[in-house]
Amino acid sequence: MAGNTFGQAFTVTTFGESHGVAMGAIVDGCPPNMELSESDLMTDLNRRKPGRSQFTTQRMEDDQVEILSGVFEGKTTGTPIGLVIRNKDQSSQVYTQIKDIYRPSHADFTYDKKYGIRDYRGGGRASARETTMRVAAGGIAKKYLFEEFGTRIRGFLAQVGDIHLEMTSLDHASESVFFSPDPNREAEIAEFIGELRDAGDSIGAKIGVVASHVPVGLGEPVFSKLDADLASALMGINAVKGVEVGDGFGVVTQRGSEHRDEMSSEGFQSNRSGGTLGGITTGQDVNVFIALKPTSSIATRGKSVDRANKDVEVVTKGRHDPCVGLRAVPIAEAMVALVLMDHVMRDRAQNQRIAID
Amino acid sequence: MAGNTFGQAFTVTTFGESHGVAMGAIVDGCPPNMELSESDLMTDLNRRKPGRSQFTTQRMEDDQVEILSGVFEGKTTGTPIGLVIRNKDQSSQVYTQIKDIYRPSHADFTYDKKYGIRDYRGGGRASARETTMRVAAGGIAKKYLFEEFGTRIRGFLAQVGDIHLEMTSLDHASESVFFSPDPNREAEIAEFIGELRDAGDSIGAKIGVVASHVPVGLGEPVFSKLDADLASALMGINAVKGVEVGDGFGVVTQRGSEHRDEMSSEGFQSNRSGGTLGGITTGQDVNVFIALKPTSSIATRGKSVDRANKDVEVVTKGRHDPCVGLRAVPIAEAMVALVLMDHVMRDRAQNQRIAID
Amino acid sequence: MAGNTFGQAFTVTTFGESHGVAMGAIVDGCPPNMELSESDLMTDLNRRKPGRSQFTTQRMEDDQVEILSGVFEGKTTGTPIGLVIRNKDQSSQVYTQIKDIYRPSHADFTYDKKYGIRDYRGGGRASARETTMRVAAGGIAKKYLFEEFGTRIRGFLAQVGDIHLEMTSLDHASESVFFSPDPNREAEIAEFIGELRDAGDSIGAKIGVVASHVPVGLGEPVFSKLDADLASALMGINAVKGVEVGDGFGVVTQRGSEHRDEMSSEGFQSNRSGGTLGGITTGQDVNVFIALKPTSSIATRGKSVDRANKDVEVVTKGRHDPCVGLRAVPIAEAMVALVLMDHVMRDRAQNQRIAID
Amino acid sequence: MAGNTFGQAFTVTTFGESHGVAMGAIVDGCPPNMELSESDLMTDLNRRKPGRSQFTTQRMEDDQVEILSGVFEGKTTGTPIGLVIRNKDQSSQVYTQIKDIYRPSHADFTYDKKYGIRDYRGGGRASARETTMRVAAGGIAKKYLFEEFGTRIRGFLAQVGDIHLEMTSLDHASESVFFSPDPNREAEIAEFIGELRDAGDSIGAKIGVVASHVPVGLGEPVFSKLDADLASALMGINAVKGVEVGDGFGVVTQRGSEHRDEMSSEGFQSNRSGGTLGGITTGQDVNVFIALKPTSSIATRGKSVDRANKDVEVVTKGRHDPCVGLRAVPIAEAMVALVLMDHVMRDRAQNQRIAID
């Protein structure tokens, strides 16, 4: 109800504020007898981590996750998995200057209106730091899906500002500091981001995620279509303002004769639908795209109000990511993994489907 | 779990297949003492109804909804509201020809793979006819929101194929047979749709919905952000492949200094965010857009397979909408209404917010 | 949230008031490809029906259920099953005399305080007539459980007033007009109930339910232990004030050395636990008992107040059951069936257990 | 779904095994702006703690809870409250002897059958140690209910073996090492428990809980009646095998004329119903009773099997509680508090009720 639980069968409940004591999560419903250790979760946590390059925030967090329960002698037991990451950087003093001010395009105003209390420490619960736990939990889902079905879930930077990136290699994207699928454009991205930072400004981005080897039959009509749950999962990531499945907004100008993915005894002839029909997976790749707004914390002075509704000017000091999109890839992958995992289990409940390779 | 319930506090559970006995729903959690009658729900049901113009499917359904419970002496009692619409057109014979065939871009293939059974009667549960109950339930939410907060939720056709429509009048859109917000472009739309039908083809569309007089503070961090629940609600409508909140994919090329909605003591200076910050309503208009794929049932022959995976060719006989988007406006409005209603109640549970005008 | 949905994986959502238009339900999550027809549901509906003997209320309802969806060509399709029973006896006039009066031990007072509106028609939603839909939905669960696992769920009258009944035959109980497991005590029960009716009074009862051939491993630690979900399911039946699993309150005076069910390679040596350990089924019979309060509607004058809190006297006219417990057996069986069915599916989701015989 | 979350609006999700790294919980939905600190939760944690007297297990745990999030500057913020208690006593070596053995009346057998893996460390997730988090979360609910409505929730030992205790003082019960409501019987209880321990045996118990100053109107028809949710909450506590509301199983022999709580303009004349009618609170005290089975871990040798289904004999070494019921009072109070809190919020969502004193 209050919104901190994701999923129905494979559930993730999270807590934690940016500059509180710790971030944490409980993953409930994980199938038993899967090998799991903290190092399995660190891969993606490290990909998400700030300070990974000179182009992301320099906040220093090693983001070491600790598994508190649900694993015994190296295997999941079927009981809930408690996860925690202690925040090292708990200093809230740097934020006392914005104690009574609403930063433009941040959640400061709305949280205060909703709850009647202002946790001004670096965005509090609204901080993107909350996504550490999505990534950790998503790591569990990714591992299960890969071992059970061979499913791989890989994201990439599709566009940043006016730079459109060709999908050259998902593997390269995975390792690239910009998650760029095109090895030849990284210098260009670096230059663009550098310029933005020097200008005290930021930029939006478009991210894609491809899930391959997805079992057929996942998705629950009519309100939990796979597309619907993906949309919720992805739109719920900080800064996301748009979600597409398959051809997305491109379908607006497509004709039926062009859009429909024809089939033959060899299988589907195309994948404009993005791997779902009627909200249920076809067995093709599931393709999604998301749009992320430009970082709100910028060094350019902006107009706002304080808690007493008095006009003020706000400027963000310290170093922030000029493009939050550059760090969103592992988060988006994790959310796709959580959706697929949840639907594998929901499907089994009713349809007792057998694992495929 | 199985996906036929929407919402958490104001819940809508639906049943019914396109050519089954009836469509129905149970609306649970409706506040008591609101005046409600069947005629309140017929307004939008009539706006959604097929056969409304020569440009939509000619299936004849009067879609008369019956309230079976939850209302006594003209007022809601707080107990669940049972709704039912009997299907008049239950003839499944016309569909026996596709009994063993998967129509391209339909859910025929995926439902069969998921459930191992083929309900070939006009799409069965996957038919857009399922949305009658969303519209009926949405009508209850709309009424409450308007009476309690003055909230209005109005949709419009933003684009069909290459025809982009100016937002001239939401009121006109509401009554227009094409839900066009621009009275001057209707002839053009009619001509375009007519051409498509003659060509046995179809086209995608883009729909917008504006909710005004929305209370501040709605939306639950972090997984039930208002944006996330809107995305789920809208992406779950048949044929939708993309969802945007506010500037949507436009944010990809925006700079932070341009995107952020500055504030003054007079209020917000712009609304690029679409009425939410951190997933919580700001009190500004909530703006969303969706992309709908072209109708899959077209008179142009296409390649597919049958249940035995043998190659076949499929062509849809009978009259179908050349553009499903033309009928999606009341459905999208209803889903936005259900999300807002659910969040009003969820917010009250924790924060006991007071009604505003 | 508002309480009219039961279960998590196999869900039942119900609507309807005693003297409204109809009672109805939506059963979501039913496995596909199970044969199902209305006659499958009538067996238990007839066992629950009023007017079954001279000792139960003479209200005339044939309780003919109609399946509105989810079944095609005689088989479940996996989509939601809509159920409806039209109320024939909708006359609310007989109740106008209690329009402004709270009947003692009825829900009149509490519904009015909660919702601020009085639906005085025969108890409205609080009427035991609401349980028709539990019985109908339970019939679906019973059928599945029997076909898949051989599970049988049978209830019986264990005690009425001071008459304690020996468990002679579950089969006899199933057919007995009093659900008596002891064929030799029926005359005695009849006489006792007759006396109570003549005296204008009523009596409590104790009901038992035995589920045999229950799969091992059902129940979810820690808040959805099978015992916990059974307790909720049974305590939620009208008039129930106590629930026991296994030896129930008898354990208070048992020693550990006496209570513990020892095991050998032959299996469990006893079943004091009632078929669960740690809230998970052992594979033994699941045994539960419930206590039902005496019928509140009696012909003996009682003190109460009206809506203006003025003292009044209330007496129930017309014929009512002197013992609601006499009709509760099929309802209790249905609730046990719904709990087991839900847990079969929940268990599968996580543990993908295989069907047993 | 997997059972580790309690509640719908005020939710508690827990993790942790008896001898794992830590026990933890996430409390979601707590109203903002309530003062809260760790010491608020320690009162009941100390009442529940082992080693409180010579009559309970001597395991040494200081059970110091840490609040990890959701509280800022001493007040709740409306965001999820993370709680953790580190386990000091993680030694699992003492349990290696039962590694492959199912202890009678424990969950060893059923967890292994369900999950296919054996966490033999002191009961793992099935240990009563899991209830620390219920008590901690219940402390938050208790505090809110008391501050908002003056609600007090107090439990007591009603019976242990054949010793029936008079309800002399709830205040005394709260402080008594046996939770005895009768100060004069404590020596007798001590003697009885001492004898049992010397005999290497254990005994069952009956516990009562009284909630006073409960708001009228709590409880959701028809499946979330307050009674139903209380039954679930209480039956889900380790070792509980029976639940009663109000007169409980006593109603079986009551006549309607005797059972019904008559009303006058002064209010209810009695409270046999236990504070609910139709599953909704009347505003009277809510009274419940539970039966707890005798401790399963006893020093008396018993028959069982190992994982290979070979006959074995089991005897528990070390000191265990001869009566788990003696420590269950704070746990039962916590569960009642969680149910009432959840229903306050659920009721507000739909009915926007105003706080009463």
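Structural remarks
Which chain is which? They are A, B, C and D, in the order written, and residues in each are numbered from 1.
In this text, contacts are C-beta pairs under 8 Å (C-beta built on N, C-alpha and C of every residue); 3 or more make two chains touch, one makes a residue touch a chain.
All values reported here derive from a predicted model rather than from experimental measurement.
Shared contacts of chain A and chain B, meaning chains that touch the two of them, come down to C, D. By number of C-beta pairs in contact, C-D leads over the other of A-C and C-D. When the contact pairs of A-B are matched by residue number against C-D, B-C or B-D, more than half turn up again in C-D. On a Cα centroid basis, the chain most remote from chain B in this structure is D. Chain A and chain C have Cα centroids separated by 45 Å. In whole angstrom, the spacing between the mean C-alpha positions of chain A and chain D is 38.
Per-chain CA centroids place chain C at a distance of 26 Å from chain D. Residue positions 1-5, 8-9, 14, 29, 32, 78-79, 111, 114-116, 125, 221, 345-346, 349-351 of chain C are each in touch with at least two other chains. The part of chain C that touches chain A in the complex is made up of residues 1, 8-9, 29-32, 78-79, 221, 345-346, 348-352, 355. Taken in their complex, chain A has these residues touching chain D: 1-5, 8-9, 11, 13-17, 20-24, 26, 28-29, 32-33, 66-70, 72, 75, 77-82, 84, 114-117, 119, 121, 124-125, 345.
Listing the residues of chain C that touch chain D in their complex gives 1-6, 8-9, 14, 102, 104-107, 109-111, 113-116, 125-126, 130, 159-162, 196, 201-206, 216-217, 219-225, 227-236, 238, 240-265, 269, 273-274, 276-283, 291-296, 298, 300, 302-305, 309-311, 346-347, 349-351.
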